[in-house]
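Working notes, structure below.
Labels run A, B and C following the written order; every chain starts at residue 1.
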Amino acid sequence: MLRINVRYVYLIVFIAVTIPMIFQPNLPTVTSPSVEMLYKEIESLPRGSRVILSLDYDPSTEPELQPMAEAILRHCFRRGIRVFGMTMNLQGQNLGTKVFSKVAKAFHIPDDGTMYVYAGFRVGPVLLQMGEDIIETFQTDFVQRDLRSLPMMQGVKNLRDFELCISLSGTSIGYSWINWPGTRYGKKIALGVTGVLVTNYIPFLQSGQLVGLLPGIKGAAEYEHLIGYEKGRGKQAMGSQSAAHLLIILLIIVGNVIYFMGRREERRQGQ
Amino acid sequence: METTLGFLDYLQYSVAAFLTLCVFSFLWRDNVFYKLAEAIFVGTSVGYTLGLYYKTLAYPRLVLPLFYQGKIHYVLACVLGVLYLTRFSRKYGWLSRWPMALLIGFGSGMTIPYAIQAQVFKQLSASMLPLWSSAGFEFNNFLIVLGVLCTLFYFFFSIEHKGKLVKIPVRIGIIYIMISFGATFGYTVMARFALLIGRINFLWYTWLGSIFGFHA
Amino acid sequence: MFRRQIPLALCFIMGVTMMIHFFIKHPFVQSDMLNEASNFATVIGLFAMFLGIYSLTRVHWMKIRHRRSDWFFSYLLFAALLNMAILGNLIGTGADTPFQWFYDAFMVPLQSTTFSLLSFYMASASYRAFRAKNFEATVLLIAAIIVMFGRVDVGPWLLPDTSVGNIPVPGVNELSNWLLFVPNNAASRGIFLGIGLGSIATAFKMILGIERTYLG
């Protein structure tokens, strides 16, 4: 049984993921403390506050992190909070412009720099330079408009003019956000990370260096639930995610049972 | 609000779906479709960086300061950058050590104070939790303090892990580390399947859904 | 002297300068000096990018020239590379450009799907390789199962928080939260303290010239 052709396992995985995707079972979502913390943080910001949303991911982690970006943007726009978008990942630059334009269109927000600015990617130790002069660091937005001419950036000099920094990433760039804007400039930092990195950032949540942590696709689904957005990709994925996890648990248990039964048989034959 | 899709949108979805299936075909075995997808992937990734090179990377950091803001000292940065390219020369390759040494020094110097403050001091102070409060014995805090100490003990290799006084905390440390690795594995499963679910979502709702007119 | 001493001296000067800047709060040091040093490091890095592109180009050009296996795909690689590079630099990289179209059609599906293959390998490894052969492995697998079950919607739905009489019994969601915020937190913190101290020590060794592997 253990020497089963591995392609059968691949087929079972494919079926387990596809069927819930098609039928979309509606299971209740239970939210976790780290997601609720970020939600409450944004809820507590006064209208007109400025927030940095850094989309530090690329297409390889887009399915997990783009739903988070969409949910956070929806929350911010609903609360009248202005968002400065940027990215520290060159290959994710064109992903950011898509999510901003999609959500802005849904809220009928024009791309005139009043409610949001998407500055794209800048190379170098941007987090340090932003702490001193954000206009000098970026100079133009993604479509080459001078930042100084945009309404949202009037009177903005550096990180001190922003209430919260949120970074969504699948790499260790989160540590840089904690080290530089968080520790050096005392900014509130929240992270959204892929599942692989969640356990690494929990100590920073407990130490108070993070004001929120969205853990993977589940974090995106929980945030969508909190803001009442039931059509998000995070929520759509939860049925398939549940099936996948149950499948892996089953495979581990079955694999171990067969293994130990085989060992017992071998010992019996040896005796 | 539904947007009307044009021919280019359908073409884009179909090309993306074709390439997705080409990569999935590797699960069967290595084949010409997978090799096609692989070659296009590498070429597109590198070409993407080159496509953004001048406007996003070179212009704001080099061209603008040097040619439009009169910062002549950026010529020195250019010289150092060119020295980097001597790496391919057997005779002059040693010159590439100069810019590399500057970059290493820059990175190391930046790391030290922030690592000390954010990763060491703050984490240490967060570990100093009260074991007793007005509510009584704080069991979770006790477990955290015990776990941090025993984990650090496990990684202390300057003495042999012999004798009960050493072996017991090391064993406790191992158990904590195994729980952490197990939790990491659990989340890694979530992360990997989220990517697969994203692709299946694209194939089913974005590609087939746009052609046959259904959505989530 | 030029091959070893000068790079070591440059590394030392740059490293000490960047360390000291943390402690000097004068606006010139915090703003102007930091900006110029950062931009210098960035410009050097811009030139370094060509090293990778040259290596890739050379490998595939040799493959075409000597007609090695799958040489035809190297042509495709160059075609994809030139396509993105030309579109980006000549037409633009904005939202409704051909560059964005090719990015969405080629790069997004290829990169996402390549990483999503890992989910299949993970499933096959779960069945064939993950064995509770000893106590530590069993602890790891149990922690993984609790987190996997508790971190999706079906887990809390099947095993919610309940009570036996007046005794509250935590559900799988509460259990997985506890696992993450207590034992995992402790172990991760211990590991990070070790990593933090290690990275500080390595950075110091590089600045002081004790660690010289970067010189080649």
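To be clear about the criterion, a contact is a pair of C-beta atoms (placed from the backbone, for glycine too) under 8 Å apart; a residue touches a chain by one contact, two chains touch by 3 or more.
Remember, it's a predicted structure, so these values are computed and weren't measured experimentally.
Asks: Have a look at which chains touch which and call the overall pattern line, ring, star, complete or other.
Replies: Complete.
Asks: Most C-beta contact pairs, which chains?
Replies: Top-ranked chain pair by contact count is B-C.
Asks: So the centre of each chain is just the mean of its C-alpha atoms; given that, what is the distance between chain A and chain B in Å?
Replies: About 13 Å separates the centre of chain A from that of chain B.
Asks: What whole-Å value do you get for the distance between chain A and chain C if each is reduced to the mean of its CA atoms?
Replies: So the centroids are 15 Å from each other.
Asks: Which integer distance in Å separates the CA centroid of chain B from that of chain C?
Replies: Here chain B and chain C have centroids separated by 2 Å.
Asks: Give me the residue numbers in chain B that touch at least two other chains, ranges are fine.
Replies: Correct list: 27, 45, 48-49, 52, 55-57, 61, 110, 114-115, 119, 123, 126, 144, 180, 183-184, 187-190, 192-193, 195-196, 198-199.
Asks: Name the residues of chain A that each touch 2 or more other chains.
Replies: 10, 13, 60-63, 91, 93, 123-125, 128, 198-200, 203, 206, 215, 218, 241, 244-245, 248
Asks: Please list all residues of chain C that touch 2 or more other chains.
Replies: 39, 41-42, 45-46, 93, 99, 103-104, 107-112, 114-116, 119-120, 122, 141, 144-145, 148, 151-152, 180-181, 184-185, 188-189, 192
Asks: Taking the complex as given, what residues does chain C use to touch chain A?
Replies: Touching chain A: residues 30-31, 34-35, 38-39, 41-42, 45-46, 93-95, 99-100, 103-104, 107-112, 114-116, 119-120, 122-124, 126-128, 130-132, 141, 144-145, 148-149, 151-157, 173, 177, 180-181, 184-185, 188-189, 192 of chain C.
Asks: State the interface residues of chain A toward chain C in the complex, per the touch definition above.
Replies: Contacts found on chain A: 2, 4, 6, 9-10, 12-13, 27-30, 32-33, 58-63, 91, 93-95, 97-98, 101, 123-125, 128-129, 132-133, 136, 142-143, 198-200, 202-203, 206, 215, 218, 221, 238-239, 241-249, 251-252, 254-256, 259.
Asks: Within the complex, which stretch of chain B touches chain C?
Replies: 8, 11-12, 15-17, 19-20, 23-24, 26-27, 35-58, 61-62, 65, 73-74, 76-78, 80-82, 84-85, 87-88, 94, 97-116, 119-120, 123-124, 126-127, 140, 143-152, 154-155, 173-190, 192-193, 195-196, 198-199, 202
Asks: Considering only the defined contacts, which chain B positions touch chain A in the complex?
Replies: Checking each residue of chain B against chain A gives 1, 27-28, 45, 48-49, 52, 55-57, 60-61, 64, 110, 114-115, 117-119, 122-123, 125-126, 144, 180, 183-184, 187-201, 204, 216.
Asks: Using the touch definition up top, name the residues of chain A that touch chain B in the complex.
Replies: 7, 10, 13-14, 17-18, 21-22, 24, 60-64, 90-91, 93, 105-106, 120-125, 128, 139-140, 144, 175, 178-180, 182-184, 194-196, 198-200, 203-204, 206-209, 215-218, 231, 233, 236-237, 240-241, 244-245, 248
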